[in-house]
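In structure tokens below, several structures.
There are two complexes below, and they share chain A, which is joined by chain B in the first and by chain C in the second.
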Partner chain A sequence: MFSIDLLRDAVVLGVLLGCFYAAVSIGLSISFGLLDVPHVAHPAFLVLASYGVYWLNDSYEIDPLLAGLLIAPLLFVLGLITYRIYYETFERRGSDAAVRGIAFFFGVAFIIEVLIILQFGVDQRSVTAAYIGKAWRIGDLRIPIRQLVAFGVALGLTVLLATYLSKTFMGRAIRAVAQDEEGLRLMGANPVRIKQFAFGIATAVLGVAGALLIIIAPVEPTLDRVYIGRTFCVVVMAGLGSISGTLIAAIILGVAESIVLTMFGASWAPAISFGLLLGVLAVRPQGLLGR
Partner chain B sequence: MQRSSILFWAGAVIFLAVVFFMTQSLRNEYPFFAGYVILQFIVLSVAWTILGGYAGYVNFGTNAFFGVGVYTAVLLFKALGAPLGIQILAAAVVGGLLGLGVGLLTLRMRGIFFSIATIALAIVIETAITNWRFVGGAAGIQLQRPPVMPPFDSYVKMLFFVQALMVVIAIAITRFIQNSRIGRGLHALRDDELAAECTGVPTLRLKLLACVISGALISAGGAPAAMYLQFANPDSAFNLNYSVSVLAMSLIGGTAHWIGPVLGAILLGSTQQLLAVTISSEVNVLVLGLMLVLFVVAAPKGIIGLVGRLTGKGGHA
Partner chain C sequence: MNRRTVLGWATAAMVFGLTSVASAEEPPIKIGMSMPQTGGLAGGGKPSLLGIQIWRDDVNAKGGLLGRKVELVVYDDKSSASETPALYAKLLDVDKVDLLFAPYATVPTAPIMPLVKQRGLLLMGNFSFQVNSKIHHDMWFNNAPWGPADSWATGFLTLGQKAGGKTMALLSADQEFAQNLATTAREVAKKLNIPIVYDQAYPPSTAEFSSIIRALNAAKPDIVFVASYPPDSAAIMRAVNEIGVGDNVKLFGGAMVGLQFAAVMESMGSLLNGVVNYNTWLPEPSMNFDGTKEFFEKYTKRAIEAKVDPLGFYIAPYGYAMGQMIEQAVNATKSLDQKGLAKYLRENTHKTIVGPISYADDGEWKQSVTLEAQFRGIKDKNMEQFRQPGKQVILFPDNLKTGELIAPFEAARK
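Right, the complex of A and B next:
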């Protein structure tokens, strides 16, 4: 049953999968990693974005990736509003913001789930595009083109965001606010506005990430629950807020899931991300490339 | 005994007597079937408050403890044909051990990291159960209830009484903790763990104790669910809805006093029962989400806080 070929295939597919995980986690890497917002509703926003893409694709036959870009501005605004509410009700009042913040975001996640169910039903939904359903063969290894598309776009997105955060003025401001909010305030900048903008970016990225999610596999309304584990696993393992760490951690998770899937079967797969997460939290809470 | 203690125990005895009288006089099974769920949620919410409210460690793994309780009962019933009482006691022991494990594993975590770790634990345990053939695996397992014991004439009524008994036990334990040194210690570590440690509060031991007691009570409260539904599968036993429901009930009621989760569970539990019957289970979840968001935003201290503000006292609680 065990063979080198099988292992090699699992690793290749795992790396592709990992880059996709990086794309869906990178928004959380900003909102939770840099801004310390306990954004448990991040995967729910992701699934919501997927349904937006599905709707555009189904009604107007727009390419899913283009649809993802089209809904990004809407998501940006959604992010601004979400952060504003979070800030006004929890951060500003201070006391046990984290505890009630998690409860708040869990409530939001549940509301989104139900709204999706009421609008689209509980059935799985998928999109159509020219590159979905075909595969590319190298020897006996078969790579679905949809995985390759997701891999390429995810990699591009990650590099783009990393560059944005390190090279542009606003990107540096976002990292500055994560490091020393008080210092930024003393420089005459408004940390809340920067954080709000950063949260908007983190949510807007979900447009493309949501497109990838529905390109890779059909989505259903409660899909966000497994992605809580995957995204938080990646962000915590990466070391909070580290973008390059996010890519590495996501690839580790992808390869681990892919190997377990090949060796033990799909029923063990959900435990991988959460098991890794528990391990990282217990052994090295600051993550791979922690601050 | 203090006056409040006498009042409490008198109330508990009257409550149990009324419940017992109901099981003997009412013919219709449905009120017990619906009421059982509310009683169950009272046990879960009160137990959750020990760790989540007094100690400030937000446990999102309520479903882990609940599911472990259910499956301990399933395992004992299937392997040994153990009676209900043994199932519940065993579930309490296993839940307590799991609580100890959670406490030890998450020693250094606070805030959201603790919460995420507990979610993670729930999924890992669920996956293990899903792959365990003997207790039914992913497909679940059907259970045949044994004959009911007198003086009860139906199994659901007996379960209702047992759960009512557990409500009293859970509240008594929580009330004891709240009024004892343990409660004050937990309160101190919630406000500032470092300062509490420095002033000689044994934070580590208290935290582990809270994890163990809370876990044992949640698992015990979940154990009879196997016999109640006559069916168990990992998907429903470890459903995240339990975690969010219990969290919502505790926060809506207020976590400063044991009466908070009781009120929250009765309020939200009966609303949910009503909605599930009259409209649909989706709307049920929507109401859960809306109430949770509404209360954490508008009434951070829950019903207790609102009442305190209205009467002008206890607002600090």
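Right, the complex of A and C next:
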């Protein structure tokens, strides 16, 4: 079935979906893209943040986005600790750190999953907010307001992080450590401390991303497994470490997925996403805006 | 009394004493199972296990089975089909269990069917769907009230047709359980002469359903049959509320797993109004049997402590009923002989807290008691409301019916 109306709706909903994907991937763009940390526990931290948002929303009726901002400092500290453990036990010890680091972060992901189950049980959790469950109507097009929220937040996050990384001293230091760690060390800076700080930021960002995750759909402890492939796909397609590339790649992925879901077979959606990734990498191995 | 007599009495007393100790310390009857306690199926696995544990405690309070206590040997299969064959081999060969219960759900159960058939063992099924349809094991007995394979779709589509539905849309998860249901829905639709105008299987990793619901809306179906799994069901309902399915839809729902769980129902709240979905037990007047009330009193207390579904309507009483059936079979045959137990289970009607159960040749219920119920008058953020009758009105089957369908779907949502 083909109609212009359907195609238009698919593109609009796809852009919104893509922005949501960008928001949940942007932290990984820093930790994996810039710092080369094989952070496969990124989606587990994301789900953990969602549960934090759920707890604040359920217990104190705090708006999910505000709750996400409130837990961001805690996540920042959690990020600092996680990176320090990873550095001391793996990164410092040799060249195969990345391979062994994957095992470390898989372990962290499982621990987080079990902790969530112990604390919250295995049931799905969701939040309430005025903008959830409502749609904005333009003619016969209906846009879910929760997706508009994700769209706005993703744009805001992208601009904020891109500005931070290019305009501030610490931001430039993070970029420098990504380009030449040894050079930075020779200039008297401590690359480990900078990487630790950057990892903290990458984790803190998950406060807001986790809020969006639970705003978009209910969460359950094992939801991280669904997002591993998708977030890494976005970051690799974007070009490692490119914040604006992450937004562009996520939107491309979102639109492609939405068009396939609407107009072709829903079963094809994951294949199309990863096919797109392979296509981009074949033409531009460094990704869309890679360094 | 000479020394020999004293020795004789002493020996006799010792032998008698030892025998008494032996009978007092008879080993327990071990019932082995794996259960999803983590992973995607844990939301169902945990209440199911609690239902079985309540039965174990009740039967042990009555003195056990054959004068022996009942002990459960349970492993977490992590909701994974790859875990269960090894776990059941361990239960049989290492733990030496006397009887087997299946794990909750189709996916973890399917891989152990060849094992139990090969070893000629009785297996009490636990909410699987059609796992025995190709294996044909004559010692399999499902506790779920599905009955014949097409019962879910028959109940729903018959209601839709009576409400004036002429076309249907089919949306299903791309996964074994949902696809089995989708296949039967297509067959029933053909039988009832209802053309399918939209038929999509979505991948389990789908995060957002707005695009799918938009496409479904464009097909303008009268009946929408959805076969979905818990995380998707909630996301689908949100998208339906925002995007809409169209004014022509008479009936929406069918086989949405998850809308039976307290946490999901509470979080969905008023979004559920109007949905007609399958269920197994509901607090409606037609669903009370001997022991049902007492079971839920115990369950409600223990569920809080165990952090499992606080309502427990969907699976937990069927876990208890599974135990009741084994209890009746063991007491009647006075043995643990698996063939004898299977024969008893096949030939008799069993009185349980979910009603009388009798089995067809394939080990499924002779008659389907899969309910189709419509959510009515649901308010937001109130879980206790679901304990009241009238919130999920039973429309099908006729013998358990507690109300009439409100259609079309949009009218029923108000």
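In this section, the second predicted complex is superposed on the first by the 268 of 291 C-alpha atoms of A that agree within 3 Å, B and C clash if a C-alpha of one lies under 4 Å from a C-alpha of the other, contacts with A are read in each partner's own complex, and residues count from 1 in each chain.
Convention: a contact is a pair of C-beta atoms (placed from the backbone, for glycine too) under 8 Å apart; a residue touches a chain by one contact, two chains touch by 3 or more.
This structure is a prediction, so every number in the text was calculated from the model and none was measured.
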item: Touched partner set for A:Ala282, first chain B, second chain C, both or neither; value: first
item: Partner chain(s) touched by A:Thr128 [first = chain B, second = chain C, both, neither]; value: second
item: Touching partner for A:Arg142 - first (chain B), second (chain C), both, neither; value: second
item: First, second, both or neither for A:Ile228, with chain B first and chain C second; value: first
item: First, second, both or neither for A:Thr89, with chain B first and chain C second; value: first
item: Partner chain(s) touched by A:Phe106 [first = chain B, second = chain C, both, neither]; value: first
item: First (chain B), second (chain C), both or neither touched by A:Pro270; value: both
item: Chain B versus chain C as contact partner of A:Leu261, first or second or both or neither; value: second
item: Partner chain in contact with A:Ile117 - chain B first, chain C second, else both or neither; value: both
item: Touching both chain C and chain B, counted on chain A across the two superposed complexes; value: 113-114, 117, 229, 267, 270
item: Parts of chain C lying in touch with chain A, wherever the complex brings them together; value: 37-40, 42-43, 45-46, 174, 200-208, 210-212, 214-215, 218-219, 230-231, 234-235, 238-239, 241-244, 258, 261-264, 267, 271, 307-309, 380-381
item: Chain A residues within the chain B interface of the complex; value: 32, 38, 85, 89, 93, 96, 98-104, 106-111, 113-115, 117-118, 225, 228-229, 232-233, 236, 267-268, 270-271, 274-275, 277-278, 281-282, 285
item: Residues of chain B that touch chain A when the two form their complex; value: 56, 58, 60, 105-106, 108-109, 111-113, 115-117, 119-121, 123-124, 126-128, 130-131, 138, 240, 244, 247-248, 251, 282-283, 285-286, 288-293, 296-297, 300
item: Residues of chain A touching chain C in the complex; value: 1, 3, 5-6, 9-10, 13-14, 17, 20, 113-114, 117, 120-126, 128, 132-135, 142, 144-147, 216-218, 220-223, 226, 229-230, 257-259, 261-263, 265-267, 269-270
